[in-house]
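Labels A, B, C and D are assigned to the chains in the order they are written; within every chain, residues are numbered from 1.
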Amino acid sequence: MSVAAGLAAGAVRRYRAGRRFRTSPAIVVSGSVIVAATVVAVAGPLLAPYNPDLPQLSQYFFGPSPEHLLGFDASGRDVMSRLLYGARTSMLGPLAVTLMCMTLGSLLAVTAAWRGGALDAVISSGLDILFAFPGILLAVLAAAVFGAGLVAPVLALSVAYTPYVARVLRGAALRERAQLYVAALEVQGASGVAICLRHLIPNLLHLIVAQATTLFGYAMVDLAAISFLGLGVQPPNADWGVMVSENQQGIIQGFPLPALAAGICIVVVVVAFNILGERLYERGEARQ
Amino acid sequence: MNAEIGGALLELDGVTVRLPVEGSMRAVLQEVSFVIRPGEAIGLVGESGSGKSMTARAIDRLLPPGAAVNGRIRFGGRDVMTLAGADLKRFRSEVAMIFQDPRAHINPVRRIGDYMTEALRTNAGVPVSEASSRAVALLKSVGIDDGERRLRQYPHELSGGLLQRVMIATALLTKPRLLLADEPTTALDVTTQAEVLAILDDLRTDLHLAMLFITHNLEVAAAICDRTVVMYAGQIVEVRSSSRLHTDPLHPYTAALAAARPNIEATTPRLLAIPGRPLSAFEAPAGECAFAPRCPHALDVCRQARPALIALDGGLSRCVRAEELRGRLEVALHG
Amino acid sequence: MHLRFVLRRLAMLAVSLLVASFVIFSAIFLAPGNPIAALSGGRSLPPESLRTLEVRYHLDQPFLVQYWYWLSNAVHGNLGLSITLRENVSDLIASRISTTAGLVLYASILIIVLGVSLGILSGFRPGLLDTSTLVVTAVSASLPAFVAAIVLILVFAVQLQWFPSLGNGIGFLDQVRHLTLPAFALAVSSLAIVARVTRSAIREEARREHVQTAISRGIPTAQLIRRHVLRNAAIPITTISGITVASLIAVAAVVEVVFGLAGLGAYLVQSAQSKDLAVVQGISLLLVTAFVLVNVLVDVLYAVLDPRVSLGSRAQ
Amino acid sequence: MAESVLEVNALRKEFGPLTAVDDVSFSLPEGGSLAIVGESGSGKTTVAKMIVGLERPTAGTIRACGQDRSTPARSLRDRRRRGREVQIVFQDPYTSLDPRQTVEATIDEVLRLHHGWPAERRHQRVRELTELVGLDARQVRALPRSLSGGQRQRVAIARALAAEPRVLILDESVAALDVSIQAQVLNLLADIHDQTQVSYLCISHDLAVVRQLTQETVVMWRGKIVERGPTAQVLDDPRDDYTRRLRASVPHPGWKPPHRAQLAGA
């Protein structure tokens, strides 16, 4: 559930080093799921058969039919069309969190590991202090202050999860920096920036990508939760987290499909990202 | 049954070990045979990939999962591979092993005292206080005088040299009859190495302990072992009494290895390097002498079949030209 | 050695809390409009309420002085007044804290007991159990708590009717019964993560060279597992359990909302929606403190378990 | 005596309360070869790191090619110039190459750093250097992971030579290699010394390697120089107690470990 735990698990996963990597069915399936989700996020509105915001009150919680494959939601809107539209915000938020976190986290980690000494101490303690904020809590706080919507929670999660990313990357960057080829380049007189850009970061790339993939999955979970709580994407906009919330009453009333369908979309995409992240991580480890 | 056939404490007979590598079984040891008599020290020498460590692991039943072993290993007349229950337990207490990297081989979260006495307490039921005092006494015999304090420390608080002594003392605590020493001095400084070797040599004589000493250093093996076994590409290529190893080697590889080392006593303009690199058993060409591609004495006959070990002057050599080359190999030594 | 570690960690704890409280306090100044507008959530309030706000926040004083007043009040248990409920925030929190604490505790027990046992079992027994554990945990590790919650309600409350789907319950047993589904919903993904990490930690420790040494010395298998494999694997297992348990403190809000539990999290969300900033500040401060304390506890536990740790931070 | 290409004077390095290097002075003549011999904790590697600028001396001076290098370089140009004065080959062949870079790219990167040559000329130079260290065309295009330890060490030597340094520091450069490979690399280093004007500073714990490679030797013990002189003389007739103990500890044919009674005097 939490990014913190997920990323930490990634770090602890070093314990499972050395397994050989093959293009397994798991990678093909999770990769396809991610590609499909991305296509829907980009082209969802073109694929959607109906207007996602048009309520037909008489049809509320009306079951599936050949025309409406997933039936209608609590307000009588076409569930399939809302899912297709909702992919966009559901994917865009995590993407923004991932990009910001990885950029900031890599930058801080590499700077701290490269310069060492006082600067490293400052960056590391700064990150340690940021650890005080659980992501969801900071997101709720941000939504309370700046108002509900996607922007405040995305910023809050980026800040809250940067220390987790940076801590793991800093450890890896320190290990890489201790490699003798780095010392050899320093002795040659290559500039620090050049060594970082041309050698250090490329050698950390497998870890950065693996972390980004895992982070995306968990950011998606947290942002969906924020939207579910009514502090993220606002109804009537379609979003998977919002859809679970809107149709929650259906669970008890005997119409679980609309809420479940949105929930399943989230789970499938997140599982795909997590499995891919795990495999990328293992591949990086095997290559070491 | 007669316990120790021909006076052998440990007997390896045609031991072949295969390991699963990328889905197929690859040989890492081929037809390894030798014996160790009670109280005898055997040196096992080879470069990387020669299979020397794998030999010790096979003897101690510490091979990685999936390993297939052919041939026979007998300790005190009993087949080691089929030992179980109380017999296995006794075997474990009679055969002790020490390793190159004590830091990896000692549990980092337990105290030295716990590590040293665990086997004694668990398997022999020796009370803690007695086990500890025995540990302290043994630490003293390996040159550690403040044993009581050391027992309370954690491994990370000790230097590599100290830790290696702790490991040796621990190995001797159960009064073994055979010590398997896998490169125990490789990671140590030269002066520490000399001390540890002296300790091993002393203890071995005092305790009438048999030893298999694995090293990549011909001189170290010759210095503290009665006989030396030289391995190349998973095979034994020579067995020779240590005193004659340098003066009268029987296999071109042994001679080349000795000649390749820079000499501390005289300046040589150029070393007699062996071309190519050491091969492991599964890289070596089949159906010819494994050393032939690098051997300065190789002839066509060497490439026609794997030579067998032949007895020569009290030693063994896996070289078809061994007899013919005697004396000429020695020349290589002083270049 | 350990004392120095604990002292250093406590100093860091103090700094973290100070910074966190500062961030939480400054939130009202970051909000659009003036602080009063932020605190009142844009509502028009009776003059006496406005007065209380001004007094409470010392809005006529410099910023840092205001912060100082707010903090010392908070430390003394005075967290101000809820704008919507016109009640003391401390009292409101006090009446809800036991639900959240119970929920988090229940879920933590599930995670540690079930997650670690499952991980140990599949770590030592390769085969069908291990494979199915791997597959199931791969999916459940990615399960958002609110999705887990609606599935649990659907199956165990609506279909099987074993557990209630809403409310807190009365009396201890009834409360436990009411908390069971929420606790599972909260625990499920962390449980899976803990199980997976436990499994790989055990596999990894079992392969260590010192375990080989112990085998070669004839240490019986049961003792080998207990004293060398499990003991050493306890270090990463503690770390991951601590991180997941700490994260529950915030995630509990989601579960409380789904199950209609009157806990702190649900109240926090409700206050955030109604822009009742005094409440948001109070609860945030409390949750952050709990979160940081659990993390400190994990670090201390880690140092106790691993004699190699003297100063410095977690497993890097 | 030839002019000295490297001069170290009263060098000192403290790590907190620990003094790792204490009042170390020596000079290396142009085209000469000097060994710093010692065991772990002797401070020999710290001296090497200070000379190449990976550590900063607490006190003392280092001059190479007449230029001071006791303080960190101020500009990138300065750093590159220092790179053309002193180069180093490390002990561990496994981490001394970027795993993602081919041999060709590794050496080319250094050539680009130091010389404003066109691609054609750099390519030519890569070929010369790799031929010099005995790598074939296939190995030149390979990634480090498909090379053996000895081959990687050859790459590291070629990379160091690409800067055309006046001093090459060999920091336990053959210690991690198999005996048969070690001999190949030692011969290669001897050939390079004969063919070029490069001076060697050889950091080693291995007295036999030192004898093979150097004319002069200083012996370090616990941060201090305890003995110095021509290598053959230091090894054949050690004066200092520690040097004697060290010499007596080196295994060689016919050697027996000196037992503790014999060692006790040292």
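By definition in this document, a residue touches a chain if its C-beta (ideal position, glycine included) is under 8 Å from a C-beta of that chain, and two chains touch if they have at least 3 such contacts.
Computed from a prediction, not measured in an experiment: that's the story for all the values here.
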Chains touching both chain B and chain D: none
Whole-Å gap separating chain C and chain D, where each centre is the average of the chain's CA atoms: 54
Whole-Å gap between the CA centroids of chain A and chain D: 48
Inter-chain centre distance, chain B versus chain C - centres from mean C-alpha coordinates, in Å: 54
Interface hub residues of chain A, defined as touching at least two other chains: none
Chain contact graph, described as a line, ring, star, complete graph or other shape: ring
Touching pairs among all chains present in the structure: A-C, A-D, B-C, B-D
Touch list for chain C against partner chain A, complex: 12, 15-17, 19-20, 23-24, 27-28, 30-32, 38, 138-139, 141-147, 150-151, 153-154, 157-158, 165, 186, 188-190, 193, 196-197, 200-201, 203-205, 236, 239-240, 243-244, 246-247, 249-251, 253-254, 257-258, 268-269, 271-273, 275, 277, 280, 284, 287-288, 291-292, 295, 313, 315-316
Residues of chain A defined as touching chain C within the complex: 1-2, 4-6, 8-9, 11-13, 15-17, 125, 128-129, 131-137, 140-141, 143-148, 167-168, 170-171, 174, 217, 221, 224-225, 228-231, 241, 244-245, 248, 251-252, 254, 256, 259-260, 263, 266-267, 270-271, 273-275
List of chain B residues in touch with chain D within their complex: 47-48, 143, 189-195, 197-199, 201-202, 216-220, 222-224, 246-247, 256-258, 260-265, 267-275, 277-278, 294
Residues on chain B engaged by chain C in the complex (per definition of touch): 60, 62, 88-89, 91-93, 95-97, 99, 101, 104-110, 118-119, 122-123, 154, 156, 174
Contact footprint of chain B on chain D as seen in their complex: 39-40, 148, 150, 178-184, 186-187, 190, 205-209, 211-212, 232, 235-236, 245-260, 263
